[in-house]
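In the two complexes below, subunit A is the common chain; its partner is subunit B in one and subunit C in the other.
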Partner chain A sequence: MSDATANGIADTAAGRKPRRDIGIKKRYAAERRFKAYGIIAIAIGLGFLVMLMWSIFSKGYTAFWQTEIQVPITFSEQVIGTAEQANDSQTKLLMANYPQLARDGLIQLLGISADDKKAVSAANGLISSGTRVTLRDIVMNDLSVIGTTENVWLYASSELDSALKGQYDLNVPENRRPISDLQLEYIDKLEQQGAIEQRFNWGLFTSGASSRAETAGVGVAIIGSLYMMLIVLVLALPIGVAASIYLEEFAPKNKFTDLIEVNINNLAAVPSIVFGLLGLAVFINWFGLPRSAALVGGLVLTLMTLPTIIIATRAALRAVPPSIRAAALGLGASKNQTVFHHVLPLAMPGILTGTIIGLAQALGETAPLLLIGMVAFVADYPSTPLDPSTALPVQIYMWANEAERAFVERTSGAIIILLGFLAIMNVSAILLRRRFERRW
Partner chain B sequence: MSTFTIIPIVFVIGLVGAVMAYRRSRALVGKDGVKMHSRPTYHASFVACWGIIPALLTLAVWLIVSPIVISTNVSGNFPEGVLAQSQLTEGLAYGIVESIGTGLRVLPDDERATITDTTPVADVTALLRNRGIPTASAATDWMVPLALQLNSLQFWSRWAMTLVVFVVAVAGTFWSYRQIAPRLRARNNVERIVNGALIAASSIAIMTTVGIVFSMLFETIDFFSRISPAEFFFGTVWEPRFSNVGSSGNAGSFGFIPLLAGTLYIGAVAMLIAVPIGLFAAIYMAEYADNRTRSIVKPLLEVLAGIPTIVYGFFALITVGPFLRDLSAQISGLVSGNYVSFIEAQSVLTAGLVMAIMLIPFVSSLSDDIITSVPTSLRDGSLGLGATRSETIKRVILPAALPGIVSAVLLTASRAIGETMIVVLAAGVAANLTLNPFEPMTTITVKIVAQLTGDLEFNTPQTLVAFALGMTLFVITLCLNVYALYIVRKYKEQYE
Partner chain C sequence: MMENIQATLHKGPAVEASRPIKMTSKDVIVHYGAKQALNGITLDIPERQVTALIGPSGCGKSTYLRCLNRMNDTIDSAKVAGKILLDGEDVYDPDIDVVELRARVGMVFQKPNPFPKSIYENVSYGPKIHGLAHSKQEMDEIVHTSLRKAGLWREVHDRLDEPGTGLSGGQQQRLCIARAIAVSPEVILMDEPCSALDPIATATVEELIDELRENYTIVIVTHSMQQAARVSQLTAMFHLGDLAEVGPTEKMFSNPDDKRTQDYITGRFG
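What follows is the complex of A and B.
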């Protein structure tokens, strides 16, 4: 615009002389280039985001479905003993050869001869070896099934599962893929009978660690993470709020306060793995707390989250206008009453938003948990925070190191679950802020 | 009674006292002519504080002091000369005694009753093994009476602790309840306690820093007493062999240089990609984008910052690494006809690229804040003189924002150096010293994780070195952070 007016003046003064070249084209070209750089940079950033999400979701969504085979199981008394024997002693029931039941059922279903060793072993490779536990639980829950025949949905083996989900190329020669031609024939047969199906994978949400992909789940890890989040919430929220109230409302301006401020700002930027070293040296070595316990993990994450909560809380307290404080003090409230009865309730939405964001950070943190021994193979639900447990991101780390193809899918599935939790937390933080934020 | 039952009971005592105090002070108000100094809730809180806090302090002190007292007592009773014979250190022997003691407590009553001071240790271990409790092979006969003594001491200590804590709680409640009177300045007392609690909470930040420094300092000093600092800081070979028991003097070499080089190299690659992208994105959003674009793009970019690093690590391991490897195979195939991949799946480039994705939102949102905080008057002045937007940005805004941008870059660098999960999964574990970005290198953080996961014994150089590495990492990032914060502070004052 400024150029236009300058040229206009020149035009009137000197008649219709050709425009003096002041490089305006070049400068506009530079301008356009510069703007394009910005757009390209943003496009690259968003492109990375899309690629990341696509890579995870395209690999992971199949993890929520699991191939299962419906097999008629005869709970034969010869294999698991009679119900009377089971009432006397559980040992036989626990040790019985359940895979044999599944094998017999499958042989019957496929109509192959029990003497054909090759066929039997091919058929057996279709079902997961986790059937032992599935069938045992059925019998243990209800002894009356002994001697009867029932149709039971059994997990397919991870090879079959991956093959049906199209994760193996089935056109390569037979010896270069984990599923044989005979097995493919059986799969066709089962499909014709309607005995093979992709069903929703509840096991992913309820099971614990397992060396077999089809029976592995994140249930135990979610409970471990839940314990840690509870500990972080119970410790970090009150301590963080108390610290911020002191620093924002009471602290005199002196060396001590300065020291605390510098410390908090630094702690917010210390690498998370250093907190893991702290937890290992102090909580485990010095206080003698058990390794792998959710309690230690929770304490370490508390120390990590504190700076985030303190910084958010202080901003929320600062946003409460001084007039509120002056009014309360003017009516005869003490300093404490002013803060706790008036300032704090008004700052609460901001504090809660900051806390949720801090919790989301803590939920995704992995490195410090590796150092305090939470990389353990935990198959049972922890009943107290002192029991060995693992966390959702650590479970992801452990599965990421597994070589099997089926675990890639599981890992992506677990990541989707983790991202789901984080999304819920962040969205609720945003909603909370929108709903309760007050502009003064 | 266990500690976890004592604490709720103490709280119940305090709360009962508080309810009684509330009623009593309400009753006092009813009398004519009496004006209370504090409101009834303050009287109630006053009594609750006196009931709960001293009791919990007593509990804490007892829990810390009693194991020390008991262990000195039991260690003092070790028969003379046995330690010299059995080649055990005192700590180790005490550990065995302790484990026998814990084992004995698990036994059912009738079996435990058979064990006396004179029971040979073989019988005890047999009993324990029946219950699935292993005992150390070095356990000897003289340890049995000591284990029994330890158990009885612990038993009595626990009872005494329960009793003392309850007495303190009741006494505190009772005493403070007796204090309730119209003139009692309960509010001031309670507020003083609350203020104390607030100060205590804010000093936790200092305690954490002190904890970090000291916990690592002691282990680091211990490490340097075995391996000389010169060997650590200037060594170029990283090969911490786990030496066998007995083969002394062969602890492996702990050269820090390859790790530092890997850390800096990967960090540099990441910064080289992330800083231009982040900076241009920030400039566009701050100077060109309208409000609608900004309100969509900014949160989307910040999603990248909210994704846990383990997810990036997995992305690098499964997608980016194999992609780069296959891409390089195609390229070399096109160039030389020989389909050999020259980029390895785990490489400096893979780790740096993925780390850059994580760092983009840090650079962009930090610099966005800084660019928008440059006063509008500078911008308007430059535009008014006829400069284009890009000229204004290049000649006026960026120079004005430079210190802030430098500090943003420093903070980002400190994050890149301390990043763990991406490099654990994407950079590899081989401690190479190379300039080729297509080969794997390893970082300080990877080695900390590698040395400290799995079963570990605490006094070998192999595990202690992790603390020395952690200390170095802490010092490097601390310097970067402090310098960055210093610049920010100085810069802020300039325009306020």
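What follows is the complex of A and C.
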């Protein structure tokens, strides 16, 4: 042994030959090339991301502002009836011609004669017909306004809104744009009086579906998505984690469990629309659950999210060092105690991350919801997951099909809201991870 | 080399032939799938002594050690045949619960593997799952005693709430020993407990093993002949799945009967 070592040293000492060409330059060149490819790839990716974000935000940020007009409204008894009548029966109150109140107020503000039909009609086109609901709510909340005059901020029509936001080219001939010269004149007049303003569009977050852009919002869709996320979380997390723990820690390794594993991995790659068909066939046709319900949507998304959660959880369990299991087993802990006291807590950050990624995927999923009837015009808030509702991505899909300019900005606005929710979820995933990991 | 080892031989009382036998194995055969790892090991382990298992890599000494507390059960492909008795009871008997067995036969692993929890929780975990303490005071008592016995108390008594993983390698290994002691086992198995430690930490752990001999039966697998000579009273030499020779440590290192033992301890192979 010691002889061999001595010979080795002698060989090296004697061999002070000229340095061999071992391709150092080529190796470094290859490394530099690879680094350059990587940087280019990242730059391309970032470039596309910036383009996407820029196009969405530049189109969408205006959706968060809505033009409103301050109009003096006279709550005339002739139109809506007296307070006594309202106390007796709400029918008159519900059916009253509120738009007339708005129109009268506006022509008074603009100084138009009520006989000038053309001018009245032009002025009327400036305010949203959604004022019916706004004014009715004011009266129904407080009957004492009847007979008085109050300044009320009313939604402007989507044409006025779009014109003010510069979405129409106003230099084209009058008959080729949705807003007339007369109306533009009125807008100037209102601006001089300070009666027109861009105000923050709370309605975008709180309103339900509407055929008029200015009164359409994602409120119902947010609630529908929220219900579905809750259902997915409550079902997919425990089922997925339990299945993973069993497969990873308890199940014997044989052909059958191999088959299950392959199938779970395959399920993760099944197109989501197939899950929608499954939901339609099983949950709606067979179980008789209602269509368009968040419950069915949640169940379908649960099926879709399960493989993601199972794969992430199994990876997290596998990443726990075997020495921890050996330590617990060596102390006499049972398999169950080993898993629940030591392995699962250590795998928790990975499980949470996987779950939140699965949830985020489910939140953005549209295709399966199309098949179970969640593409629906739902104006009222769902009070339970069994009531009809829509979901955020479905709302985006429906708005994207609308022709009006005002819906274009709302589509982007809704996308921004959806991205906001996704960002919140991802940040919470990171925070949870940190919290659990920082313990040690 | 031979002289070195003889110089490090343990100066304590020589092995007493009359020591009661704590564990015994008869014709233990282990298969990993189709591969046979142990070819029938028959070995008696005396009570309150340190038995060292030595031999070249892959000779089956760790496999044998893991049979003694049935850690091989966790490997699906491992099949164990033969008899292993603990105080005359067959540990592979269906009536013997593996959880109870492991509470009686504790284990310390090659790499220190404290739980990623506090020092206190590391030691208290075993007593907690076995219900050995009925109050906080009792638990404190167990934890403190175990840490004292493991020679770690002085170093960690003021930071029991800190993570066990934050200790140095040698301290971690002594923490693992404290954790094993805390469930009051009768036998402690050690699988190369010092192979991941520096010489100073190794010396501390070896001293500890020597002290633990008072109360526990210890079986230690080691790659270091010096270590076997320093800490053990009985040495068993494994070779290619066979038990080549077993005898009092002093005799094994000075005058072995078997040629393979002779070659191994003089460094001719392994």
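One rule holds for everything that comes next: the second predicted complex is superposed on the first by the 385 of 440 C-alpha atoms of A that agree within 3 Å, B and C clash if a C-alpha of one lies under 4 Å from a C-alpha of the other, contacts with A are read in each partner's own complex, and residues count from 1 in each chain.
Keep in mind that, in the parts below, contacts are C-beta pairs under 8 Å (C-beta built on N, C-alpha and C of every residue); 3 or more make two chains touch, one makes a residue touch a chain.
Just so we're clear, the structure is a prediction, and the values are computed from it rather than from any experiment.
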Item to check | Of subunit C and subunit B, partner touching more subunit A residues | outcome: B
Item to check | Partner chain(s) touched by A:342 [first = subunit B, second = subunit C, both, neither] | outcome: second
Checklist entry - Now for A:199: first (subunit B), second (subunit C), both, or neither, which partner does it touch? => result neither
Next on the checklist: Which partner chains sit in contact with A:334 here, subunit B, subunit C, both or neither? Use first/second/both/neither.
Outcome noted: both
Next on the checklist: Quick check for you: in the superposed arrangement, does A:400 touch first (subunit B), second (subunit C), both or neither?
Outcome noted: first
Next on the checklist: Under the contact rule defined above, give the subunit A residues that sit at the interface with subunit B and also at the interface with subunit C.
Outcome noted: 334
Item to check | Touching residues (chain side subunit C, partner subunit A) in the complex | outcome: 69, 71, 74, 76, 99-103, 106-107, 109, 111, 113-117, 125-126, 129-130, 163, 165, 176, 179-180, 183
Checklist outcome for this item: Per the touch rule, the subunit B residues reaching subunit A in their complex are 187, 191, 194-195, 197-206, 208-209, 211-212, 215-216, 218-219, 276-281, 283-285, 288, 297, 300-301, 303-304, 306-315, 317-319, 357, 360-361, 364, 384-386, 388-391, 393-394, 411, 414-415, 417-421, 424-425, 445, 448-449, 452-453, 458, 466-467, 470, 473-474, 477-478, 481-482, 485
Item to check | subunit A - residues contacting subunit B, complex | outcome: 2-3, 6, 27-28, 30-31, 33-35, 37-42, 44-46, 48-49, 51-52, 55-56, 59, 238-240, 242-247, 250-251, 259-260, 262-267, 269-278, 280-282, 285-286, 303, 306-307, 310, 334-336, 360, 363-367, 370-371, 373, 375, 393, 396-397, 400, 408, 411-412, 415, 418-419, 422, 426
Checklist entry - Which residues, counting only subunit A, touch subunit C once they are in their complex? => result 252-253, 321, 323-334, 337, 341-342, 346, 439-440
